[in-house]
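Two complexes, one shared chain (chain A), two partners (chain B, chain C).
Our next item is the complex of A and B:
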């Protein structure tokens, strides 16, 4: 039997790592904006092979983590509405809302179903014509085309019992908000892979052009991430911030026009509330008037009180990149993946969970 | 007359139950001890220390690429004995059947159990069957217990790993987990991944021929290699360092994991063992393992270290390091 080993990876990684060590940049902070990258960076041990002057920090890249307590409370209220089956992704269940998590709500006997995609939720609606299926849609640009497709299909099939509670967000306004706050020093950005495959690499040009920050779009393989990091350091070294796409096998400059077109057909921009950031204008996706029938916010009159975040939880700061998970007093003690106090410890893409799983005492 | 499905009356203790035992179980499991038809099996004590274990199998799906719940129940209990260095001498089988279970399916499972026990050379010496109402169990639950004899001078214990010991694995990882997962999700891969379910007591016997000085044996079933190594690190109060490059992950498992967002380190194996033993014996034991069919792909994956007790860490492919944690909760495919 042939056995995969990563020896090829190590022999190809070596020269890139050597180059990274030789680049004369001074101290730099590189931020990744994608939860998938956070996990890949930890899993591959990239942080541990970086020179000391290169710091890698995680941004607000996990769709579960940035979901605000208020939005979570809305999902809880929806799940408790008579006749409703709330469908959502597995990770979402464990995130503590201001009073309770969806998991606790499910344990009380309310209908909360785990799905893997919006289309699963649609199938649920077809299977339960007597119930209202509400899909609690989190996610960035990557997941929004599937949500748009589900709404269009629901309309085509004349489904009356399917709606979406959209808390979907856009990465670009999130990134802009973070940089405008100026709290954290970001010298370079690793651009998200999946997101960019939808919106296109050109969407990130504003980073070098307006902020003078180089950006490299990267895939999820270790070598992709190393190549992207090296490209960023090269641009810093040369003082020529630009956009580099090291994931061109998947990401095109203009993105996926068809997928993004469907999103624009179904959704419009609105303000969204992000954990750690508060409300960011034009950063969320809401259903257009034309699709009001599929909008849970319009179908159900759900009002929730403003929701504070857990006092000990520093998720907001972690998401803004100003605190590292081990800076949080309860990290690894009161807050663990088994008993998370904040979402960053729940989601597999959350920074605290990644630190806990892969790094723990090492900084 | 023979029924197509299990009926409640099959568990009533009356004539239908006798028919079931006579027509399905006895012909399959037949051996002198079982044929006596007593409530217990009585056998000679060959001397030495006795190992005793039990396990219940409630897997879903019950049929998957490369096996069924039946083989798992036989191999699993044999392996639990073998991981203590014991050579199994007899098994019991207790079945809980759901009313309505297809008779054909039951017969197939029973046949496979018989074959697995025969291949392993371990007789099924006593058994029990209950039938429960529809909905009270999921088709079929199987409990197997086993007795084995531990040879003198063998002291295998999860708490015995010592700094400097070598960590070996008897073959590829992740096969069973991917086989079950793909069946559950109705996925078909180009190269089908089949379960690695097999009995390991002969492999263990071969290893013990080389040296009795084996510190730890464990089969990385639920939770996979990562979870099992963590248990050992905690029990033995030592650190364990494994090398990513050395992990034997078959390409098909690798591909399936990429697709499903799974990590082979956490996938169940049903026919593999991890061995921790003094470095001085490692090469000889490894060579002996590779001569056996069960251990043909055996390799060394790491070593026991003194620092970071209770923690498993990995040297990654690019020479970095990271922690390998226990699995927390269920492995969920990623959302995007």
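Our next item is the complex of A and C:
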């Protein structure tokens, strides 16, 4: 599709980079809240062409990374429950809980299945009527409609052996929590493109309106990110914080009302535990009472002990933007993608993994 | 995690499903949470097996043109342009 490749042409990038260098802003920190952006910014080399006074930092935008050890331990306990097949996205498998990862559990012979989609999890339920299929659902707003759709389909098809263990979270309460803590200086925000496709660009208006922070919703191609960065610097330069949507080919002001409507039909808000943040009120999605039959938390009595994080791992601080991966003394030594101590090194979208793979070549 | 990829709709099927071409691979995906209609030939954005948006090609062209003009116009015009991006 030529329209996609056009957003990758380096000849189109040069003029935008030149303009970025002409912006007179003083030192600025630009934060993204999306693991996809973390990776795209590293992979494209954007950090290396930024003026020295423009710093790009990552916030809590990787759903795998913000999953707490307690929630991981719950998934492990579910996988070990007799009769259960635990289905989840591949991203989760290698993440260490307080004692073991789902991969290690699978290696012990328990039924842990990687699925690409909740459609595959429903197919598992139909193929194994004598087993309980529990879908361990992680993700932000982008991923939640697929979980909602699965519950609605399970109900329509009369599936009795399908349930969801939801640790899904919402980005906006996460962003608000980070900004309210005031630990890190955030002058501008690159808004998550695919999250915004679901909830709409208007959902981010609180940033300029309440915090005076400009936000640019961006896609994932190099040109998208450069244009978003330029738009942010322009707003800082003009001292006019506002919302700009550079991903209008996908993101509408009101989002995808059908997808978000399905999420609201099936789920309600509850407090959720975030790695690095602790409990954030109304930041998680739980099944509504009406769908209790599909709620693994209600179907299975799973209790796990409070779960400490690895003492040397600084994932929590990395997720809050107050530490960079190389600030952690185990980064690249005791903690590598092959032997990760924390999720930020496991997930391909984690800041530590991105630094490990790209930064060493770039600086 | 929020990775979503463009795919071309090849065939509309029963139960709100569609066959799409995803970078040369054919896959069946769901249109259940797509707001609006997708037609054969449309490009849709796929996330974990569900189409979440139809890609607005006209909007894409317009955005590209604006990105291009951003770099070449003088300060004032570019300010106006990027304000409506």
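Everything below uses one rule, namely that the second predicted complex is superposed on the first by the 352 of 363 C-alpha atoms of A that agree within 3 Å, B and C clash if a C-alpha of one lies under 4 Å from a C-alpha of the other, contacts with A are read in each partner's own complex, and residues count from 1 in each chain.
Everything below uses one rule, namely that a contact is a pair of C-beta atoms (placed from the backbone, for glycine too) under 8 Å apart; a residue touches a chain by one contact, two chains touch by 3 or more.
Everything numeric in this text was worked out from a predicted model, so none of it was measured.
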| item | value |
| --- | --- |
| Which partner, chain B or chain C, touches more chain A residues | C |
| Contacts of A:116 with chain B and chain C, given as first, second, both or neither | both |
| Contacts of A:63 with chain B and chain C, given as first, second, both or neither | both |
| Which superposed partner A:46 touches (first chain B, second chain C, both, neither) | first |
| Touching partner for A:222 - first (chain B), second (chain C), both, neither | first |
| Partner chain in contact with A:36 - chain B first, chain C second, else both or neither | both |
| Which superposed partner A:250 touches (first chain B, second chain C, both, neither) | second |
| Touching partner for A:142 - first (chain B), second (chain C), both, neither | both |
| Chain B versus chain C as contact partner of A:359, first or second or both or neither | first |
| Partner chain(s) touched by A:91 [first = chain B, second = chain C, both, neither] | both |
| Chain B and chain C contact sites that coincide on chain A, given as residue numbers | 1, 3-4, 6-7, 14, 36, 63-64, 89, 91, 116, 138-140, 142-143, 194, 226, 349 |
| Complex contact set, residues of chain A against chain C | 1, 3-4, 6-7, 12, 14-16, 18-19, 34-36, 62-64, 89, 91, 116-120, 138-140, 142-143, 145-146, 148-149, 152-153, 192-195, 197-198, 223, 226-227, 230-231, 234, 238, 242, 244-246, 248-250, 256-259, 262, 347, 349 |
| Of chain B, residues touching chain A in the complex | 172, 244-251, 254, 297, 311, 314-323, 325, 328-330, 332-336 |
| Residues of chain C defined as touching chain A within the complex | 1-4, 6, 8, 29-30, 32-36, 43, 45, 47-50, 52-53, 55-57, 59-64, 66-68, 70-72, 78-79, 82-83, 85 |
| Residue ranges of chain A touching chain B (in the complex, touch as defined) | 1-7, 9-10, 13-14, 17, 36, 42-49, 63-64, 89-91, 94, 116, 138-140, 142-143, 194, 222, 226, 336-338, 348-349, 356-360, 362 |
